[in-house]
Each structure stands twice: as C-alpha cells, then as structure tokens.
Amino acid sequence: MNAPLIYALTGAALFVFGVTGLMLQAHLLRKILAFNVMGSGIFLVLVGLAQRTGIPDPVPQAMVLTGIVVAIAATALALALARQLLDQSGEMRLPEEEAGKDKLDV
Amino acid sequence: MKALLNIAVLSLTGALGLVLAWSILDLPASAVRLPEQVTAQLDMSGVAHPVTAVLLNFRGYDTLLEIAVLLLALLGMLALPRQASGSKPRPVPASPMLQTLARLLTPLMVLVAGYVLWAGAHRPGGAFQAGAVLAGAGVLLHLAGLLPAWATPGRALRAGLATGLLVFIAVAATLMTQGTLLQYPPGWAGALILVIEASLTLSLGLILAGLYLVLADSKVQA
Amino acid sequence: MIFDLLLAAALLWSAVQALTTPDLFRAVVLFIVFGLLMALAWARLDAPDIALAEAAIGAGLSGALLLDAVGHLRQKRRERSP
Amino acid sequence: MSLNETLPLLVLASSLLPGLIIFSLPEERHILRSLFNLAGATLKLLLIVYMLWGVLHGEEYVFRYTMLPGLDLLFVADALAMLFVTLSAALWFLTTLYAIGYLENSPHRSRFFGFFSLCVTATVGVAMAGNLFTFFIFYELLTLSTYPLVVHRGTEQAMRAGNVYLTYTLGGGALLLIGTVWLYGLAGQVEFTQGGVLAALGPEYAGQLQIVFFLLIAGLGVKAALVPLHGWLPQAMVAPAPVSALLHAVAVVKAGAFGIMRVVYEVYGVEFAHALSLLLPLAVAASVTIIWGSLRALFQDDLKRRLAFSTISQVSYIALGVALFGPVGTIGGVVHLVHQGIMKITLFFCAGNYAETLGIHKISEMDGVGRRMPWTTVAFTVGAFGMIGVPPLAGFISKWYLGLGALEAQMPWVLAVLLASSLLNAAYFLPILHRAWFRPRTETWPEEHIPMQKGRETAWLLLAPPLITAAATVLAGLFAASAISPLDWAKLIAAREYLRWVP
Amino acid sequence: MFDPIPWLILSPLIWATLAFVQGPGRGGRLAVAGVALQLALAATLAQQIIAGGARVYAVGGWGAPLGIDLAADGLSAVMLLLTQAVALPLAFYARAYFAAHAAPLRYFWPLTGYLLAAMNALFLSADVFNIYVTLELLGLAAVGLVAVAGGAGPVSAAMRYLLATLLGSGAYLLGVALLYGVYGSVSLAALAPLIAADAPTAVSLAAALMLLGLMLKTALFPFHFWLPPAHGNAPAPVSALLSALVIKASFYLILRLWFDLFAPIASVTAAQFLGALGAGAVIWGSLLALRQTHLKMLVAYSTVAQVGYLFLIFPLATGAAAEVAASAWQGGALQAVAHGLAKAAMFAAAGAMIAATGRDEIAGLAGVATRLPLTLFTFVLAGMTIMGLPPSGGFSAKWLLLGAALASGQWWWIVVMLAGGLLSAAYVFKVLRQAFLPAEEAAHFKPLPRTLEWPAFLLALASLLLGLWASEMLNLLGAA
C-alpha cells in the first residue's frame, strides 16, 4: 500500500458517496454537490491507479484537467437549471408527479 | 417505501464500493507505459512540461472538444429563457475597501495570468490555470460592484468567448494541409501552441467568468 | 504516509459532511474545504497542475457559484416568507 | 429490365399510382378522380388480358428484387396467380363503377378511392407473390389499406369495428410472420412451386413442419374467416357497401383462402401435406365453419350481416376443396374462388342498392321490393340461387366438384356437410326472395333516396354492376365446359399440383 | 485522396461557433449549409469505406496509444450517414417550426451544431477517454436543447436529464479510469488485444460501469425514467433529434464495447440479462405509450419501447453461431437506423399536428385526416416501421431478429417481439383512429407552411424505402 493507492481507494469511496448522494438527496443543490464529489472521486482513482508504481503520469493528469473543466461546465449548467426551477416552482427539487406518470394505474 | 429505496440504494452502492476497493487492490502491472512514451516524445512536442504536452499536443484533440464543452455550457445557460428583468443589473453595493482592493488586485491578477500562461510551457501552469485566474478577477470585480452581471452578451463579447475555440480549430484545420488534424510541423509546435494557449486563456477567462456572471444576473428581480 | 492517511480521512469526512449536513450554507462551505483538501491531495500525487486547477476552479469558481446559489435561495425564501 | 419482368410491376402500378394521385386530388375534383380510377382499372384489365394470353402460350412473367441477402421480393404470374388477378381486376373495375355511383356526394371521397386503389394493389400483390415472404408483405399491406375503408364512416360503431378488425388481422399477421420466418430458417427461400418444396426436408422435420402449418393456417384463417377466427367479419359490415363487396368477394377473405391454397399446394405440396396428415384437420375446420356460418346467417335480420355470415360459410368451401386430397376436390376449391367472388359481389351490390335507393337495411323491410326494383332483385335472385347451388349456376359447379372430390378423397362425411349447408343456404336465402317477390308492400320505404324515373329503378352506375356479375354467374355455370371458363382454368391448375397422382 | 473524417467533426463545430457569434435566433442558413456539407462528407466516407475498408486516422500524427486515433468502419459510416440524413430534413423543419411557432429560437442552432459535432466525433472516436469528452458534449448540448423552450415542465425535464446523463458519464469515466489503471492505455486499438477471458476483476467492473452508464444514457428500461419528460417536453425538432439520434449514440458505444473491446469477457448470462431488460422495455414502454393522453408523450414512450428491440442483439448474437450472430447484428443495426428515421418523422409529424391544432392532447386530433393528410400519411408511414409492418425498414430488422431467435432456439424473444409489435400497433392506431374522426365544430386549424410537412414526410418515406434498400446498408455495415 502506497500513497497513490490510498488516494485511489479514497477516490473509490468518494465515488460511492457521490453516487449515493446523487440518487438519494432530494435538494438539487445537494445533488450538484454530490456530483462534484463523485467527479473528484473518479479523478483520484484515475490518477491514483495510474501512479500506483510511484511514477507521475502526465497523461491521466491531463485527463483530470479536462475532467475538472467539464465538471465546472456541468455544474454551472445544472445551477442555472436549478435556479430556473426555483423561480418557476419555488422549489429547488424535482417535482415528483412526473415520475408518478410512469405508473400504469394513473 | 422511501426508506426501502434508501436501503436498496445504500446497499447497492456499498457493495459497489467494496468490489471497487477490492479490484483496486488486486491489479497487475500495466502493459502499456505511457509516461515513458511521453518522455521520449517530449522534445518533439514543442513544450517542456509533460502535462502541457499531453494537453495541447498528444491529446490536443480532447482539449479542443473540451473547450467546446465549456462554451456549450455557457451557451446552454444563455439559451435558458431569461426572466424579463428588463432593468439593468442593479449594482451591488460594496464596501469602498473591497472596491479599492479589487482595483488593485485586478491588474496584478492579469499579470499573474500572463505569467502562468507563459510558464505552462515548461512548468505547472498553462491556459486553464491562467484562464481561471482571469475569471477570478472578473468575479472579484463583480463582487466589488465594478462589473455588471451579463444579461445578454453583445456581439463583441460573444466573439471573445468564441475566439479560443475558433483559433484552435483554425490552427488544427490549417495543419491538415501538411499532415493530419493538429499535426504540428517540427519546429513550429512551440509557437503554435503558444498562439492557441493565448487565445484560449482569453476565452477561458471570459467563459469561466461568464458562468458566474450569467448566473449572477438571474438573481436580479424585476 | 501518515499525512496521506490523515488527508484521506479529512477528504472523506468533509465529503460526508458536505453531503449530509442539514444547513445548505454550511454544506457549501464544507464543499469548498473539500475542494482545498483535494488540491492538497493532488499536490501529494505529484500533480501540481491539477492542484492549481482544483484550487482555482474546483474550490474557487465552483464555490463562488454555489455560494451565490445559496444566497439566491435564501433571498427567495425571505421574499416568500413575510 | 425486359417487358416480361416489368409487366407484374405495371399491373401493381396501374392501381398504386392512381391511388396516390387520387389522395392528392382536392375533394371536389370528382370527374378527374373518376377518370384516374377508371383509367387505372381499365389499364389493369388490358394488361391482364395480355398476360393471360401470354401465360396460355407459355410466357413467364417473373420479377425478382433482393431486399436482404436470401430474401427476395418475387412476383410470378403463374396460372393460379392469374386466376386471382383476373378475378380481382375484373371485380375492381365493376366495384369502382359502383362506388362512383354509390358515394356520389358523400364526404372524403379522395381518401376513400385512394385507399380503395391501394387495397386492390395489395390484393394483386397477394395474387402475384412468388414466395411466402412477398405474400406476407402484401397480406399485411392489405390489412393496412382496408382499415381506413372499414372505419370510413367515422361513427362510433365503425371505429369499434375497426378495432376488432385490426386486432384480428394483425394478430393473424403475427402468426403468419412466425410461420414464415420459421420456414425460411428451415428451408431457405420458400418459393411457390407446383407440387410444393418442403417434401425435400427430411422426416426429422415433420413435427416442426406440422407446427408451422398450424401457425400459417391460423394466420391465414383470420382473413379467410375460419371459425373461430371469424369474429371481425360480421362487425366489418358497417363499412360502405362497395367496401363490403370488395372485402367479401375479392380482397380480404379471398387473400386468406388464396393463401391457404398457396401454402397447401405450393409450399407443402398437397401430397406432402397429406402425408403429414394435415389435410384432415383443415377439412374439419372448414366443415365446422361452413355449418356454423350458415346457422348464424339464419338468425340475422340485417341483410348485410346475413350476407356476412353467408360469406364465412361460403369461403370455407375453398378451404374444404383444398383439404380434399385429389384433383377433383382441388378443382372444386379453385373454381369456387372465382364463383364465390362473382356471386357474393352480386349479392352485396344488390344489398347496397336496396340501402342506397330505398333505405332498406333489414330483411323485414324487404316486402315487395321485387316490384319496385325488379332488375336488382333479379340479380339478387341469381346470386342467391347460385349460393344455394341450383343448376346450372356457378355455385352448382363448385358444389358438384367438391362432392365428387369428397368421394375421391374418401371422406364421404363431407357430402353430408355439403348437403346440410345447401339446405341451410336455402333456408336463409329463400325467405328473402319470398318477401321480395311475393309479399305485397304495405307501407312506405324507410328512406327513398333515388326516386323511380322513366322506368329506371335506380342509378345506372348502381344497377349495371350487379347485372353484369349476375350474368357472369349464369354464364360461368352454363359454359363451364368451354375452354375459357373458370372451371377449365381450375382444371389446368389442379393437373399441375398433383405430381404423383394416379387416379 | 480527400479525407472527410476530420471535416465531419470540424464542420459542425465551426458553424455552431459562428452561429453563436451571430447571436440568438441566428444561424439557420449556416446550419442548413453545414449539415448538407456533412451529408456529402458522410456519403463520401461511406463510399471510401465500401471501396477500401475500415480506416484509422491519427490525430496529431502521433498514433495510439500516445495520441488519439479516429477510426471509421462500416458501422460508424452507417451511423454518420443516419445522423446527417436525419439532421438535414430536420434543419429545414426546424426553420419552419420556429418561424411558424411561438416557441422562441434562442441558441437553438449553435446547440444543435455542437450536438451534431459530438455525435460525429463519438462515432469516429477510437479512444475511450475521448469518447467520454464527446459524451459530455453530447449530453450538455441535448440538455440545453430540452431546456430551450423554458417553462417549468421543460426545465425540470432538462434537469432530470442532466442528472441522469451526468451520472451515466460518471460511471463510464470510472470504468475508463479502471481500464487505464489496469492496462495503461485508453486507446481501443491498444486495449482490445490486452483484454482476455482471464482479465482481472477491475476489468469486469470497468465493463459493468461503462455499460451501465451508457444504458442510463440510452434510457434502457428500467433507466428510462428521464426520457419521456425530456423528449415529450422539448420542442418538436429537438424531440426528433434526441429520440432519433442521441440515444443511438450511447447505444452505438454499447455495441462497440460489447462486441469489440469486452468480447472476451462478455458472458451469455449477461447477454440474456441485457435482453431481458430490452424485453422489459418493449413491453413496459409500449403499455405506457398506450396509456398516454398526450401525443408527444406517446411518441416518447414509443422510443422507450423501440430501444428495447436494440438490446435483443446481445442475447441473439453472443455465443451464437456466426451466421445467427451476423443476422442478429444486422437486424439490430437496421432497427437502429430505421427507428432513427421513423421516429424523427413521427416527432416532426406530431409537432406539425400540434402546431396546426394548437393542442398536444391526442383527443384534439380529430379532423387531422382531412386537414393535414400529408402529415397523417407521414405518421402512418413512420408507424409502419414502428409496428414492424412490411415493407418498412423496421420490418426487415424484425425479420432478421426473428430469424436469429428461431435459429438459436430462443423462442422467448419471439414472443416479446410479436407482443411488442401488436402493442405498438395498438398505440399507433390509437392516434390514427382519433385523426380519422370528424373535426369538432369549434376546432380551429392553423394553416401550415409546406416546409413543416415535407421534411417529415421524406424522413418517413426513407424509413420505408430502407426496407427495400436494406441490402445496400448491410453491405456498408459489413465493410471491414
């Protein structure tokens, strides 16, 4: 067990936290936080695993840079949508009834 | 029902975590050694810093698409129907001290951005970090009440936002007359990467600041 | 090694706190802390480029966006409650 | 592409193109529309006469196009195809004339005639299909193009009938599809070949082939209205009379019966089907349908419903003929394909005339109609007597050969079925004739649309078609022995389907 | 030789960015010209592939694994052709739609441009990380397009879609991270020979994560929850693009991963499981489509059902004899293309009907048969492919799949396909029946420009003709 592997394992745990939060939290702001935690976890796994021999690897590092930019882009768009929803429905959560349409007895 | 769902999700993700951890600890040595290849080709790449070499040369095509993603996110935000605020964004009252600080810091930050950009060729840094610093300056100016939020960017601003991507595409496409997409001719790589990075820094700064400034605008109520 | 373990623990703790703490503002602040800890982790992983980007974008810009959203949310709530 | 390859396509196009043009015509251009309709119908008849002459002289009309590897679209104008094509084209011509008269001034005629033409295109495609796959394509297209005709009136009742119709026919289509895919998997391309193609498969496939036969017959039986798959047909009566005439006499039920013929004779081969003991169940199903349809017909007061149940019964004569092993039974089945067509279309034309001229829909309203509309009633009488099997009309010829065929196939019980059916036919037709000719009229007509003018009982376009088909019923019976009769053609076909038959 | 590969990606990127610079509401003409050019490029590429076989294009001249490779074979050429062929009529349609409709245009064109760039880049990519970037580009563009209409319905649908697509790409990216961890490369060409049946657990996990993420993006049952609101609430041209093309992109990746990259570890059990999910989609999606009262929701649920057929490829082709596998594979690809054309036509026709009647309810369609005959005819033709009736492309696809199911003795999929076919007939005719009813007295039909009716008709006609020209497509598909 070396430092990169510790971070890879931490990343795995963060991914799990993020996914759980993304699925279970109702508030959109928290979903967005959870998405970012999930993303950070993935990045740690990517770099941690690649550098498990202790040698820095610029390729996954460059990929993570790309990933961070994509994450901020998604975060901003998600926040913009969440705000629209807040302005229109007064709530920062997804309405339930649309999921309810997915039932035969409606 | 809700509790049941929670338990189901928790046990599923928990199991996923365990499998993930176990498989991470059970890995053989990798077959392909990219770091060695990067080092071997670094001289050809036009920059001395390996991460920059990957970002703008070896995997420059990823970066090209990534800039499009970033521009697209801003575009998606701008495409949302705006609340008919009509009125100019209200200047946020800020303390004079913050304003002074912002006035002092902004030129400094632009300078830092320039340095980070230039330094990226041989040490950590580059267009992303430089752009982020520029964007930070924009956010600071807005917080100090010196920069209004964006309702609808004008043509000049849109051109600025698109410059980075357009320059990148133009360079990539022009290079096709010699070889393939984004294939820098020997000797030209360093200069061309600097041109791309400079325009990227400008656009990234604008876009990243825009992500904040567009959102900030939707706060203003009629 | 010990430092890495401690940092990993701090990362996990701040992430869980950011996701579960009842107060949204607190959650966002904890998330910014998480981002800064991430930057530290990147530095430990010999990835100074990512550390810089994480601090500026992951913690900084994301944090600013999220704080702004919380502010917006509170303003909305104030508008509606009286 | 040579002319012989093009001709089958031209026969299809002669109704497809007018159909598509008619869709795009504005509602009020009725003269242009009729022109396209009649031009298409006439052209089709001319083409077919030319091809008939060619087939008699040994010409081959084959068109092949590969849709997928190992999957050809194949049109072949062989003797059996020409029999059905000729019937469809001739009756389409008459029905078009009739429909132009019948639908005068009613709404949505562009749509009606458009789908009408598509329906005929599909029928002709069914007739000329050279393999099971092509047959299936047009069988399904027939469903699609007839649905709008069934629901044409747009009433609640029509919509319900349309639902029932679709449920049955698409369900049947699904069964036919599995059977077809299965056969293609076993035997490659299943082209219609005289004497059948499946006998070449080894005996280890017998079980599978029996299941496939059941699937195919069930799929075809829906359109052929074999009991218990007949439920859609009486409901579909809500369609306008020309549609009923076409559905019953040519298009839909015939496509089913024709398909049964193709499957038994040219896919399995009648001798192989006999060897797999598939014919007896088919004969039983047909017999049950014959009796059941006739029995139900007895109790209908609505004229078109009675005719519908009569169709169920009569179409199964074809299936029965197919199931009687031996050339004579085959002749009976094949010739009945034509005879039932001309007789039943006569009856439906007449029923339409009664409804359109006097508003008569029920048998109980028909008292004395023979005096008011003598020509129509004469045609109706000929059709009814033909159905009963009175000599020398067409129906008699069919029944005669079927009876002989039953003896040849050593199924004497079929004679009892034929006899019982004929008695039932008489029982449900004769009271109608009695009312029409011999009961005096006591009250006014329900709704007189077309008044009596200068000795003309109704519009010419409505009267001429049933008279022509009634005349054909008489002629087909009288001149059955001549060289151009349907009977002669049926004999030609039968002779080719039995490869090893020794009488 | 002129190489169309990079230009297929650059063209939409360029015109999208230029359209953005032009400003809100602008760029329609640019888009039409750009998509027309791309169609020509895709056709050129298809010809080159038929003549010369599959190709690899090394971006930057480095070559995998250091650089990024683009690759084009029969399947990618088919998907590229489909994408441009659907996008071109829809571009004309969208111009008419936004001109005739109250819906604001905003940045529709640049968003569409990036969407197409992402699709083209995705179909050409041979690098799992690069694919991730294209997936994000695609997802964000699609979400932006759903939200373009504004209003609580579309915005919450877009939000749901965004979260689903982000979760999906997250799972995918973790899979990529594991693959890089194990093998040290993200190039498909470098990875494929390294993955063997005895690969470490991490590889199986990576495969599971990547496939799950992509299934979520493809809206395979039971991950379909986001699709109906997103596709049902978006403006009609957007619904058409999303339903016809976007879900096919992630499906294409599933095909690639399953049959190329992870073939050595793909088990028959997993394939049967995927097939079962597909069967669930066919039945459940069709039943729900039948229950809908709104036209576009019905069409959206129909997409959920039709996606199910695509997943029948896996049980039919995995571990089967070569001939059966080929038939299943061809059937699946044909279904993807036929559904793409037909569903685009169906959504476009639905949009035209809604624009004319001013109502989205199916109950408001009475009279459409007389007032909008061409559009209804379009719906019928598209419906034929959806129902799998001959001689449509959908029928040829079903024929191949049925043949594969029979030949491999997996009769249970036959039952599913037939039940799905009948159910789809039920919901298609639910619309047709209503359209044939006489119009209500009060019904007011807005006259429609021809450009709102003809593009949809051409698409539907193409889905029908595909049945007759399927050999050509399969010929291209088989080019290696």
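Before moving on, here are some points about what is shown:
By written order: A, B, C, D and E. Residues from 1 in each chain.
Here, contacts are C-beta pairs under 8 Å (C-beta built on N, C-alpha and C of every residue); 3 or more make two chains touch, one makes a residue touch a chain.
Computed from a predicted model, the values in this text were never measured in an experiment.
Shared contact partners of chain A and chain C, listed by label: B.
Geometrically, the chain at the heart of the complex, using CA-atom means, is E.
When the C-beta contacts at B-E and at B-C are tallied, the pair with the greater total is B-E. For this pair, chain A with chain B, the centres built from the Cα atoms lie 18 Å apart.
Here the CA centre of chain D is 43 Å from the CA centre of chain E.
As a whole-number value, the distance joining the C-alpha centres of chain C and chain E reads 37 Å. Computed centre separation for the pair chain C/chain D is 78 angstrom, with centres defined by C-alpha atoms. Contact with two or more other chains is made by residues 20, 24, 27, 30, 34, 38, 51, 58-59, 62, 66, 69, 72-73, 76, 80-81, 128, 208, 211-212, 215, 218 of chain B. Residues of chain C in contact with at least two other chains: 49, 53, 57, 61, 65, 69, 72. Contact of a single residue of chain E with at least two other chains is seen at positions 129, 133, 136, 140, 143-144, 147, 150-151, 155, 178, 181-182, 184. All chain pairs in contact, by the document's touch criterion: A-B, A-C, A-E, B-C, B-E, D-E. Those residues of chain B that touch chain A in the complex are listed here as 5-6, 9-10, 13-14, 16-17, 20-21, 24-25, 27, 29-30, 34-35, 38, 50-51, 53-55, 58-59, 62-63, 66, 69-70, 72-74, 76-77, 80-81, 83, 128, 208, 211-212, 214-215, 218. Within the complex formed with chain A, the residues of chain E that make contact are 129, 133, 136, 140, 143-144, 147, 150-152, 155-160, 162-163, 166-167, 170-171, 173-174, 176-178, 180-182, 184, 186, 225, 228-229, 287-288, 291, 297. On the side of chain C, the complex with chain A involves touching residues 1, 4-5, 8, 11-12, 15-16, 18-19, 24, 27-28, 31, 34-35, 38, 41-42, 44-47, 49-50, 53-54, 57-58, 61-62, 65-66, 69-70, 72-73, 76, 80.
Interface residues of chain A, counted against chain C in their complex, comprise 2-4, 6-7, 9-10, 13-14, 17-18, 21, 25, 27, 29-30, 32-34, 36-37, 40, 43-44, 47-48, 51, 56, 61, 64-65, 68-69, 71-72, 75-76, 79, 82-83, 86-87, 90, 92.
Contacts from chain E toward chain B in the complex involve residues 6, 10, 13-14, 17-18, 20-21, 23-24, 57-62, 65-68, 104, 106-108, 110-111, 114, 117-118, 121, 129-130, 133-134, 136-137, 140-141, 143-144, 147-148, 150-151, 155, 178, 181-185, 190, 194, 200-202, 205.
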